[in-house]
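We call the chains A, B, C, D and E, going by the order they appear; numbering starts again at 1 in every chain.
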C-alpha cells in the first residue's frame, strides 16, 4: 500500500471559485492509502512546493497527487519538487481540476464532485505507479535548418557562431528567401538587400554552415538528438564546385523567354540562370523545363561557353542522409493566390498587382530598374489605390481568417515611398483597421498621412473594373463619410494575405510536428515556449509559425537558435522513462509490436528460458530499445497477450483510473 | 488416400527425413478421432487414419512439436495450411522442423450436425460418396453428405494448400464461398434483434475455453484471461458482461489473424456459432481495408498492424446503410 | 396586438448574425445602388445590430436594393447584408397583411421562363 | 405407482410451479437441451440429456460467498447468500441422479459445505428413466440402472402417460401436494418400457469395461504408467470435460472488486487448466500430462479409494461427446486397463 | 426509449491523447468553454494506447459512453499512432454494433491542440447523444452497479 499525500491547489480563485477545495481535501483524505491531504492557494509557488516537499519527508509519502492545473502546465514542476524531497518524480500524478474542471463548470457542487472523482482517479493511478528511471541517449551535435530565408539564415548564423555545425536546406537555387525580393524595409526604410546580403555571404563563408540549395527534405526519422534526415539535392545540371558564377552561360543561353520568378514573372530570364546578382551560392542552375538541351537534346551552348566546365546535363537528383541533433523549421510564407477575388480584377488587368509585385516594381534590381511604371503600358501612374486586407480576416472561405500582420506597415511604406519619389501621384489606401503595434510603427504610419499626404480611407474597395482608356474604375466605400467613392486609378496594389509555404504540411507530417488549421506550425506553448514545436528537437523560426515582420522573425530566429544551442550543448539527453516494456515470459515473439512501432524500437532475440517444468526452451522475445522508444503505446494494443505494457501508463493504471471514474 | 499417406509417412520415417508424424488416430467409433503423434511404422499401421471425419486442425500442435528435436511430418488439409502459414508469419512455428504434406479435403462430416438431424446412438459412420451411412443402436440410417457437414465445410473458402513441402492428390483452388451470408443476415437485423440473437447464443457459454484452446490464432504464452495481472482475468463468466467481454476480446485479438478455420464453432460444446464473430471482423476488414485472407501469404501486413492514410473513419459504422 | 418588428424578428427571418461584421464596408463599396439608397448596406448591418429597425422599415432604401447579392458574395465575414434588406422588406409586407397572390391566379401569370424559385419566393412574400 | 396422462403434463408442471420453482430440460437455440425454469409455454425437451449436468442446481458454476465493504479502516463482512427457496428439478436422468450421491460425499462430509447443503435441502428431484440411451452412455458400468433412476420421485415417460413413484419423504410430500392430479396406476406399462430399454442397455459398447485395474492398490503403478503421455498429448487443456461432468467438483475462490466492495465468489475450476491449484510457490502440476492424469486418477483411483470403491464417474457420456479432440475416460480405462 | 431522462446523468469516459486532444481539452478550459461535468478525461500518451479492454472495462464499471480523442490523422505526435487507433476502433465499434450494443455509445473524434471549441462541442454533443440513449444496459455488469 502506498502512502499518498494529496495536495489541492486553489490557483487563487481559478480553482477555488468553482471547486470547494476544502471539501475535496476532506473527501480525498478518506481514500485508501491517503495519509495526508491539504489545500493551498498556490501549490506551484515556492511555498506551495515546500508544503509538498515537507509532507513527503514528514509523512514518508510514497506517492503524491496534486489536484491543480493541467499536467501539461506543472507536472514537471511538481515532479522536480518531489525529486528534491527524495521521492521518485514518477510517483507524482496530477489531477487536472482547473482546465478540465473549474474553468468549464459553473455549478460549485457539480465541479466539486467532479474534482473529487478526478482526485480519486489520480489516487487510484498512483497506487499502481512504480518509480521510473530515465535512460540517456546521445546528442548528434549538428543542426538542420529547413528554409534559407532571413529566419533560416539568422538561426543558422547564431547556431554556427556558438560553434555547432549547421546545414541549411533551401528549395530555391539561392538562399535569401522573400526578403531578397523586398525593396525597403519598414519602419527605418533601409534597403532590404543591403542588410540581408551580408548575412547571406556570412552563411556561405562560415565554416560551420553548409548550404544545400536547390534541395528538399524528403524523409525524417529518429527523435530529438538523433534525427536521420534524407535530403534530396535536385539536379541543377551545373557542378556547384566548378561554377564560378560568372554568368556567361546565362548571357549566351538562347532560351530567354522564361518568366522570371524572382521578379514574379514581370520579366524574363534565360533557361540557365542565376536568380539575382547577390545569389548565394552564386551558381547557375539549368531549368529543365525550358532548357532545349535537356528537353530535346539540342543546343548545349552553355556547356560550350563555360570555361570552368561546370555544365553537366547528365546530373541526377542526389539523395544524401545526414544525422542531426536538432531541426529548425523556417519554411516561410507566400502571398495567397488571388484567383478567388474577381472583384479586384487581378487576373484581368496587369495594372492590378500584389504588394510583392509592387516591391519588385520599385526595386532597383527589379524589372523596371526601380522606376515605378505601370506594367501594362510602362507609363507613370498618377493615381494609385492600395487595398488592404485582401484575403486576410476573411471567413467566407476565399481567404484566411487571420490578420496577416505585415500589410498595414508595408502598405504605409509603399504609400510613403511613392509619395516621396513621385509627389505628383495621388495615393489612396483603403483600410478596415490600421494596425501598427510595434516600435516606431504608428509614428511611421502617421508620417505617411501627415507628412506625405496619403489618403487613408476607412472602407473597402467593392469592385474594380478595367476601363477602355486603360484606367481602373475603383468603387469603394468611405465609411466615415458615409459615401461611395469612385476613383479612376492607374494602378491598384492589393495587400494579399500571406499563408504558410505549401511545403510545410508534408514536412510537418515527416517531423510529426503539429500544425493548426491554417497550416502554421503549432508551438509547444503559445506563450512560454513559442519557438519550440511540441515535437522534441524540432524548433520553429519565422513565418512558418505565424505571420511576422522582419524584426520579429529575426528575434524569433535567434531564440530558436539559442534553444538549439542549449540542446546541442548537452552530451546526453535524458530519455522519457515512460516507455514500453515487454514481459518476456508472456511474449509470443509474434512481431505484431514490431510492425506497429513507428521508431523501430523493437527487436527480437532468441532467448533461452528455464521453463517452470524444468525444461529449457528457446523462445523468440521482443526487446524494447528504451532510448528509441517514445512511449506511444501502439505496441501495447497490438500485443494480444498483454506482454507489452507502457511504463507510467500501464494497463492496470489506466484501468484503475477507469474504475475510479466510473465508480 | 489413407494408405498412400501411411506409406509415404513410413518412407519418410525410414529415410530419416522425419522422426515423428502428426496425424489423426482412430477412436472407439468412427467419429471420435484424436490428433496423435506417431513415431513408428507399427503405430501408423495400428492407428493412423485419414477420412472425411478427420476434422481437427493439426497446425496448432506444431508450435510445440516444431520446437522438439528432429523434424516432424505433418499432414495438413487446405484449411490447416492457412493456419500453419499464419503461425509461420507470427514466428510461432519453426519451419525447418516441419515437413508438410498437403492432403486434400472434400469437406468433413460433423457428428454434431448428424446428431442435430435426429440421428442418435451413432456407433459407426462411413462416407459413401455423397451419402453418409450411419449405424446406430436403433438401426441403420443414411444422410446426404451435404446435410452432414458443418457450415465451415459447406462454405469452404479454399481447397488450396498455401504451404507445403509435398502435395498428395491434386491441388485445389480458392473458392467463392457464401461464408458471409449469415453475417450479412445479422447485419441486416435491427440492433435489438442482434442483441437478442447474441444474448441467446452467448448466454450458453460455459467458459470451458475449448474455443480458445483449439484456436490456432490463440497461441499466447499466457492468455489475458488467465493472467490475473491483466485486469480482465476470468475463470468463469460470472455474468452476461463477462460472457460478452470474453468473446469480444477474443475475437478482437484474433482479428486479422483468424484464418476462418472454424475450429471454434466445431468444438463448442454449446454449439455457439463463434465463427460468426470472427467472420464479422474478416468481412469488415475485407470491406474497409481491402480483401485480406489471414495465412494466404507470408508477406502481406496484417490489417490491424498497418494502415493507409485514406482509411475509413470509425464513424463509418454509423453511416453504413440499413441497420448495419 | 401591435406588430412591432423587432431586431430579433429580422434576425430570425434573415438568419444573419450582424455581430460577425468587422466594419470593413466592402458591401457598400461594391453596391451598385449605393447612391440611390438612404441607408447603405453596411448601415443595414449596423442599424439592425443597434435595433434601429423603424427607420429601415420606413426607408425607400429597401426598394432600391437590387438584390444583386454582390454584398453577400463579397463580404469577407459572411454577414450577408442583402438578406437583412430582404428581411426588412418581408417585414414590411407582412405588416401590411395583404394577400396579393392567390394560388388560383398562378396559371395566368405562369411563364415558361419564370424560375420555380421565384414563384415560391413570391408566394412567401405576397401571399398570406 | 402414480400416473399422469401425458395431456395433463403442462397442468402437472403448472401445479408444481405454483408452489415452487420448477426446472426441466428445454431445447435451446443451440439445438440442445438445458435446464430452464418452467413457465407457461415452455415444453420438455425430447433430448436424452442436457449438455450441462444437473449438478448446477446444487453446485452452480459461480456462486457468491460473501462480500466485504471497507469504510475507513473498518471492514464489514456481508453474507451475500440469498434466502433459499424450495425448488423442483424434473427430468434428471439416472446418471445425474447418482452424481448427487457422489457430490454429497464431497460437500456434505465434515466440514459441511453449507452453500451446497442448503441447496440440497431445498431441492426435490424428479428423475426420469431413460428410453433411448446413446452410444456414449455407460452408466451400467457403475451399477446405475437407467430404467430405475434415483431421486425423490422417479418417473417413466411412455407415449401416453407419465408414471411416477415417490421414493423419499420429499417425493411423497410432493406427490401428496399434487393431490388428485395423479392417479394410482398399474405398473405394467412401466415394466414393459424397462424391458425394452434394458435390451438397448445391453448393447451399449462401454457398459462392460474391465475396471479391475482401478483401485487404490494400483495407485502407483497407474500413476507411473508410461501411457499417460500418449493419452494426454493431444489434450488442449480446455475445461469442457470437467464443466459438462456431473461429478467434477473442484472450484476456485476468487475476489472481484466491484468498485463498492469486494465480492468473494467461487467458480468451477478445471484440473485441465494450467493454473489449477496454483499456489504461492507455483503450480504443482506443471505439464498437461500431470493435469490430465489428475482428472482420471481422481475419478478412477483416488475417489474410490476414499469412498468405499465408489468411482467418481457415472457414465453419462457427456465428456465422450463433447471433448474437442475425442479423448475421454473410456479411452483411458481401456488403455490403462490392458495393463493387468 | 421512453424514459424520463431529466434525472439521468450519464457517465462518460473520454480518453484523450496527451499531445492534441488533452491539450485541446485544456484549451477548452482556458477559453471557459462549457461542457457537462459528466465527462471525465483520462490522459493517455496517444490514442493508440487505448486498448479495447479499457473501453469494455469502462462499460463494465458503469460508463454510459466512451469517447476516444486523438490527433487528426496525419498529425499524430508519434507519426502513425492514430492510424492504428482508427482501424482498431472502427473494427471494435463495428463488432459492438454487431452484438446489438448501441453504436452511439462509442465514438472517436480527432481534436487538435488548437481545437478547444471543437472539444467542448464534441463533448456536449456526445453527452446529449448518450443522455438520449439512457443508461447502458447492454454492456453493464450488475455487480458494479450495486451500491
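Just so we're on the same page, a contact is a pair of C-beta atoms (placed from the backbone, for glycine too) under 8 Å apart; a residue touches a chain by one contact, two chains touch by 3 or more.
Owing to the predicted nature of the structure, the values given are computational and were not obtained by experimental measurement.
> List every chain that touches both subunit D and subunit E.
Touching subunit D as well as subunit E, we find A, B.
> Just tell me the minimum hop count from subunit B to subunit C, counting one hop per pair of touching chains.
When the steps are counted carefully, the minimum from subunit B to subunit C is 2.
> Quick one: point me to the chain whose Cα centre is farthest from that of subunit B.
So the chain farthest away from subunit B turns out to be C.
> Suppose chain centres are the mean of their C-alpha atoms. Which chain sits farthest from subunit D?
So the chain farthest away from subunit D turns out to be C.
> Indicate the whole-number Å distance between the mean C-alpha point of subunit A and the mean C-alpha point of subunit B.
It comes to 53 Å between the two C-alpha centres.
> Taking each chain's centre as its mean C-alpha position, how far apart are subunit C and subunit E in Å?
44
> Nearest whole angstrom, what separates the Cα centre of subunit C from the Cα centre of subunit D?
Computed value for the inter-centroid distance: 84 Å.
> Averaging only over C-alpha atoms, locate the centres of subunit A and subunit E and give their separation in whole Å.
Between these chains, centre-to-centre, one finds 30 Å.
> Could you check subunit A for residues that touch two or more other chains and list them?
596, 638, 651, 655, 659, 662-663
> Enumerate the residues of subunit E that touch no fewer than two other chains.
Only 52-53, 57, 61-62, 74, 80, 84, 88, 143-144 qualify.
> Where in subunit B do residues touch two or more other chains at once?
Touching at least two other chains: 224, 230-231, 238, 304-305.
> Pairs of chains that touch, anyone?
A-B, A-C, A-D, A-E, B-D, B-E, D-E
> Where on subunit D does subunit A make contact in their complex?
Residues in contact with subunit A: 70, 72, 257, 259-260, 282-283, 286-287.
> So in the complex, which bits of subunit A are touching subunit E?
Checking each residue of subunit A against subunit E gives 70-73, 96, 98-101, 103-107, 110-111, 113-114, 117-118, 121, 508-509, 512, 514-517, 522, 534-535, 578, 596, 598-599, 630-634, 636-638, 646, 649, 651, 654-655, 657-659, 661-663.
> Across the complex, what residues on subunit E touch subunit D?
Going by the criterion above, the answer is residues 61-62, 143-144, 146-147.
> Inside the complex, what are the residues of subunit E that reach subunit A?
Those residues of subunit E that touch subunit A are 11, 13, 18-20, 22-23, 25-30, 32-35, 37, 40-46, 48-54, 57-58, 61-63, 71, 74-81, 84, 88, 112-115, 120, 144.
> Residues of subunit B touching subunit A in their complex?
Per the stated touch rule, the residues are 67, 90-92, 219-224, 227, 229-231, 253-254, 301-302, 304-306.
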